[in-house]
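Let me begin by presenting the structure, written as structure tokens, before commenting on it.
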Amino acid sequence: MQRLLHNDKFINILIPVLATILGMIAGAIIMLLGGYDPVKGYEALWNGVFGSPRAIGETIRAMSPLILAGLAVGFAFKTGLFNIGVEGQLLVGWLASVWVGYALNLPSIIHIPLAIIAAAIAGAIWGLVPGLLKAYFKVHEVIVTIMMNYIALYVTADLIKRFLYAGNEKSFKVQESASLASEFLASITSNSRLHYGIIVAIIAAIIMWYLLERTTKGFELRAVGLNQHASAYSGMSVKKNIILSMVISGAFGGLAGAMEGLGTFQNMTVLSSFTGTGFDGIAVALLGANNAFGIIVAAALFGGLNTAAPQMSFNANVPPELIDIVIALIIFFVASSYIIRVLLTRLRKEGK
Amino acid sequence: GTGDEQENAGTDNGGDTPAETVDFKAGLVTDTGGVDDKSFNQSAWEGLVKFGEERGLTEGEGYRYLQSGAESEYIPNLTQFAENGFDLTIAAGFLLEDPVQTTAEQIPDAQFVLIDSLLSDENWNTVWLDNVANVTFKEHQGSFLVGVAAALHTKTNKVGFVGGVDSPLIKKFESGFKAGVKAVNPEIEIVAQYVEDFNDAAKATTIASSMYEQQVDIIYHAAGGSGNGVFTEAKNRKANGQDVWVIGVDRDQHEEGMPENVTLTSMIKRVDVAVYEMAQQTLGGDFPGGKETVFGIEEGAVGIAPTTTNLTEDTINKIKEYEQKILSGEIEVPQTDEEYAEYEGSL
Amino acid sequence: MDILAILAIIIPATLYTAAPLILTALGGVFSERSGVVNIGLEGLMVFGAFSSIITTLLIQDTVGAASPWIGILVAAIASGVFSLFHAVASVTLRADQTVSGVAINFLALGLAIFLVKKIYNKGQTDFIDYRINKINIPVLSDIPVVGKLFFTMVPVTSFIAILIAFIAWYIIYKTPFGLRLRSVGEHPMAADTMGINVTRMRYTGVIISGIFAGLGGGVYATSIAGNFAAGTISGQGFLALAAMIFGKWHPLGALGAALFFGLAQSLSVIGGQIPFLQDFPNVILTIIPYVLTILALAGFVGRAEAPKAVGTPYIKGKR
Amino acid sequence: MEYVIEMNNIRKEFPGIVANNNITLQVQKGEIHALLGENGAGKSTLMNVLFGLYQPEKGEIKVKGQPVKITDPNVANDLGIGMVHQHFMLVQNFTVTENIILGSEPTKNGTININKAANEIAELSKKYGLAVDPHAKIEDISVGMQQRVEILKTLYRGAEILIFDEPTGALTPQEIKELIQIMKRLINEGKSIILITHKLKEIMEVCDRCTVIRKGEGIGTVNVSETNEDQLASLMVGREVNFSVAKVDSKPGKDVLVIENLIVHDARNIPSVKNLSLTVKAGEILGIAGVDGNGQTELIEAVTGLRKAKSGSIKLNDKQIMNQSTRKITEAGVGHIPQDRHKHGLVLDFTVGENIVLQTYYKEPFSKFGILNFSNIFEQAKRLIKEFDVRTPSEQTHARALSGGNQQKAIIAREVDRSPDLLIAAQPTRGLDVGAIEFIHSKLIEERDKGRAVLLVSLELDEVMNVSDRIAVIYEGEIVDIVDPKTTNEQELGLLMAGGKKEREGVS
């Protein structure tokens, strides 16, 4: 029995690994078909991820918003909701962090947490709307979150122009005291944009895991996610839990925005289209099996691939979109893991 | 050139005969528009190609571009060039202001050209970095001239302006254009609207449609890729017998108006000239870092497009007249809403 | 400006923007009615836009003005084939359908731009020479008032899309195929016991959604965008998905919702030029379609019931 | 002897399980043939093989003497085999007609000719006495009518051999009687029937022969006229079974649950509990008998806080609990074995352990300061699993993996262990085999004997009569009468449940 359990966990890990390998192989085949040199391509990719201290720094930098976006999606998934609105939550979180980071003058020890919390709250509010509508009006959260994305896009742009405009389509920069950027981290990674946000992201992942798996609230959230009727029957408030779930998920999304606002960019631009990070979060959550630690690993993979894609294009002339294709295929393979699972389970049964 | 067949057509506006080969590398980082946006980025790339071909450089080695897929790629792209031994990295557009500043500070021995913008600090004070050359244009001057053309050609006495995003840069286009129109005939009504995006042709189409529907017969666009939507709408209308026109921007957009022939004229902004000039100077050891190089009518870098088939002789002469007035300083073309308001009051 | 003049601006603009949404949302109806969630509509539209532009560019010199039309047809076929990815993953391999849809979105965009770069060696295609133009519809545009409002400066594709919506309604609600399609989306096991091949029906539903989304993307590209780039389709597929849900998974509902979105979008664009809307901050006009949709869902059309079995793979014999 | 159906030596495996092993079933023309076996014995599987939903690994099937390969339900249809499934195969938001014609729709110019189909169905239903409204939506009609639709589906396709898989499970006594009439009529029309049921009484009443299977193995076929219920039961289980519920008389104590003038509306906001008053005392089992849909569900939901009542009063131990939250009511001492164990009773993807603490997870010792204590949770689960004989590989197994009977045992363990003053049991034995039923009934009585008040709601008259100390009959949201199970009989109850006035004057 112990062995069986062990096997199950093993399979859960094996599948994304297999999927990643298959995705990379498919990527190589596509490069070959496209007349590019896969060896050169992957070499450049490797260098783009690990080739220099800066590459490593940039990979880790790219990870933090991805982890948080992945947590936002994964948390909602675990509680039976599909939060396709991380993109919007990220944008409002980004704006809120920049606003607090710019407008206040405080010592770092207060300023940074405050700006981060502001981002979380903004994201939470953005998650609250679909949560409320789902709980009280049974409105499909997917459609509301899609709409909220657009509202976030236009409202943040407008707010920057009205209140934070520093010219050239961007907001003022955050104060030094609110910045997550670090001379030290930049110097050890030869001037990458690596910042302390990664710590925030990892803490958030631990919080998600602990909250869901170890607390009574998490028990309720999971129960409501899996079976609303039984949850109501057992005395849980389905409505409150749906709302809470969207709020927490949105807060993670908002935090992802703080990574950009206080870390990578230190300001916010007037965006006319989405950043894509929120949607990448869906992929990250899926590959990470909605598990907090899986999400960190998946974010490392996608963050690395994304930051290295330009390098691949620069050195091996392979269009960086190849990486998008590889990512898509990895998701496909993970999603279609049923077949792999069946085969493995059968093997296991026969071996017993 | 090296005879790379798959290369961009229409870039051989320079001499075909490579002169002496030099050891020089120049890179261009575009915004998300890409080097064939029929507009700003393309123009910059054409300038670099001309330079590269004249100097016998190989594309991809001696000169190349990186298109940014997203905002977060500006810095990696700039860094890519700066760290890979490129002598000059050109940043196309004011959106790259911050990234250029960051990268230039981090890599002091790399040289950058920032087009359309200066660097500034928190308090709006201009910052000069020795390894950044700032290039700006007097777009308002050129816009004034096409405004004159519009005023002389409108039959409905109503013209329109479609801007990319509401920003100080595009305001220069708008203010100059309106000033030019009013200079000819203060009675002409001008409607202006911004797409709030340089790459949303669909939205621009709708805006243009509503303008044309309200009797506007000439629209001047300063909207980058979105401007294609204005052309689409004008061509549709012309095909249906409506007498409408577009004034192009940045490049000679006569081709974009064909076959319906809707391009009245274009306000050209010779980004290619500027890029070429900057590369030449840098190559000559004369990198104009730490200052602003301004290109205006005087430098032949802004003005009316060479294709003038849709303008009457009279119009062309009138434009020349105004050109002189601007050159002589008789007319001070407004660049901002405030300056325009003042200008309008003085009429 | 009088009200007629305003309507004469708004209505054609609505029809113009709504056409791709209508077609794509109809695709969504077919897929989800068969029990397969399709948030890959966005990607299928991307692939359609890409295919139509490539085709048009390829043949325009020989075929001329008919080339965008051929482009659209090729787009329909191409996206139909492309949707097989989704069908195989979500029907045969029992993948999570949402996940598979997300993958479709990534894949379509990545593949399309990859190919554009491969073929043209640059980030976007050239503009096509022949577009599907807005025209004054002969005869109809001469009708007083109505002609001016509905049939002047509109693309024919809008009317084709509306017509197709009615055809889709007929197919889904009046034919044996439609009954079977719906039964598979509601209760696949019941359908199975009635001798209906659930797998085949679901494949059909998904492929039709691919065809329609391809049409939608093709129409967008050849009538509105004029070329193909990474940002050509940015969110229209998601809006179409929203229109389908808003329209309660019903073809005519989806039609109405898509028209509503088109109206709201064109209002937000044109609002700045309409007297009584001018004083509104632009951002309010811009977000109005989205806010209205949310309000409408909460207030009037709440409780949109999805097909019961949508999202669950059918496994024979599972209880 | 000519058989219409012959299934010889059928073997069907599922991963890890042999569901049918070497089973033989021979059905004569014009007979009602019973198929009997415990839960999970393999009855449904065998019938699904016959209907073409599953392919057997071994064995042959003959229809009217001809060997056939039934590769899918279409083939079965063509061979004249129709099946009424254990769980209805009806599309809820389709009309009766749409459900019946699905897959073989009459058309005119490519359009479904719905009127023609509806007329045909009306005619068919008249011929077999199956009253249905062809234009009604399934979700709006009663379970009994839904079943008639299922039967019509097979007849519409010209079925000669009908398979009924547990058709009486969800029916009221009246509906069961009607169904038996219908089956007899079908036989008279020359059809043959295979009937799966756990109810031995029904087999004795209508069947000609009975094939028994046990744990996937064929045990044999007996003539019903030559056997009796006890023999059938022991054939099925493999041991002697004791049917009569052993219980001493109740010793009712104080009033635990007092309901007065309760009015509750249903989902469509129509009153379905009307001015209902009811009292359940400590130490008694009050059975509620009634035809499905007479307000039982809404009554239970109102008492347990799952639905808001419009007016009235619900008191538990003299404390008002009406319209309080489910959590408060649970804490006040109400246990609830829900009607639908999958929908309400369990989170199927939680472990058995997590399900065991579904209402108590937030309390010590399972949780402290908002943090769960899993070792205590699993400890508790282990104890209950042992005490209630829940057959599961471990307390960390997902509830989904348990069979229905064991899922139900887990729920009962959870509810009983909380020692609620009031235990509500809604259809606690639905779909379970005799062994499991025996266990559950004895548990309910045990609770009563510990002084708890038990409210039993069941559609099975036998159950209500065997287990209850008093029986309240509910009709259209009102308690029409309360009777003593020792002195009443099925006829009287049946009449009351149908709204008939009591005619007990003659009876002592």
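Per-chain residue numbering starts at 1, and chain names A, B, C and D are given in the order in which the chains are listed.
Assume a contact is a pair of C-beta atoms (placed from the backbone, for glycine too) under 8 Å apart; a residue touches a chain by one contact, two chains touch by 3 or more.
Remember, it's a predicted structure, so these values are computed and weren't measured experimentally.
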Co-neighbours of chain D and chain C - touch as defined: A
Interchain contact steps from chain A to chain C (minimum; 1 if touching): 1
Longest centre-to-centre distance from chain C, chain (CA-based): D
Cα-centroid distance, chain A relative to chain D, in whole angstrom: 46
Between chain B and chain A, distance of the C-alpha-averaged centres to the nearest whole Å: 37
Separation of mean Cα positions, chain D and chain B [Å, integer]: 77
Two or more partner chains touched - positions in chain C: 231, 282
Where chain B touches two or more other chains at once, by residue number: 69, 196, 199
Touching two or more other chains - residues of chain A: 157, 273
Chains that touch, pairwise: A-B, A-C, A-D, B-C, C-D
Chain A residues within the chain D interface of the complex: 1, 214-220, 222-223, 226-227, 229-237, 345-346, 349
Contact footprint of chain A on chain C as seen in their complex: 39, 85, 89, 93-96, 98-100, 102-107, 109-111, 113-114, 117-118, 231, 234-235, 238-239, 241-242, 245-246, 281-283, 286-287, 290-291, 293-294, 297-299, 302-304, 306
Contacting residues of chain B [partner chain A, same complex]: 60, 66, 69-73, 75-77, 79-80, 84, 94-95, 97-98, 106-107, 117, 120, 122, 124, 165-169, 196-200
Residue ranges of chain A in contact with chain B within the complex: 54, 58, 62, 157, 161, 166-170, 172-173, 191, 193, 264-265, 267, 269-273, 275-276, 307, 310-311, 313-314, 317, 320
Of all residues in chain C, those that touch chain B in their complex: 1, 5, 8-9, 12-13, 16-17, 121-124, 126-127, 129, 131, 133-136, 153, 220, 224-227, 229-231, 265-266, 269-270, 272-273, 282
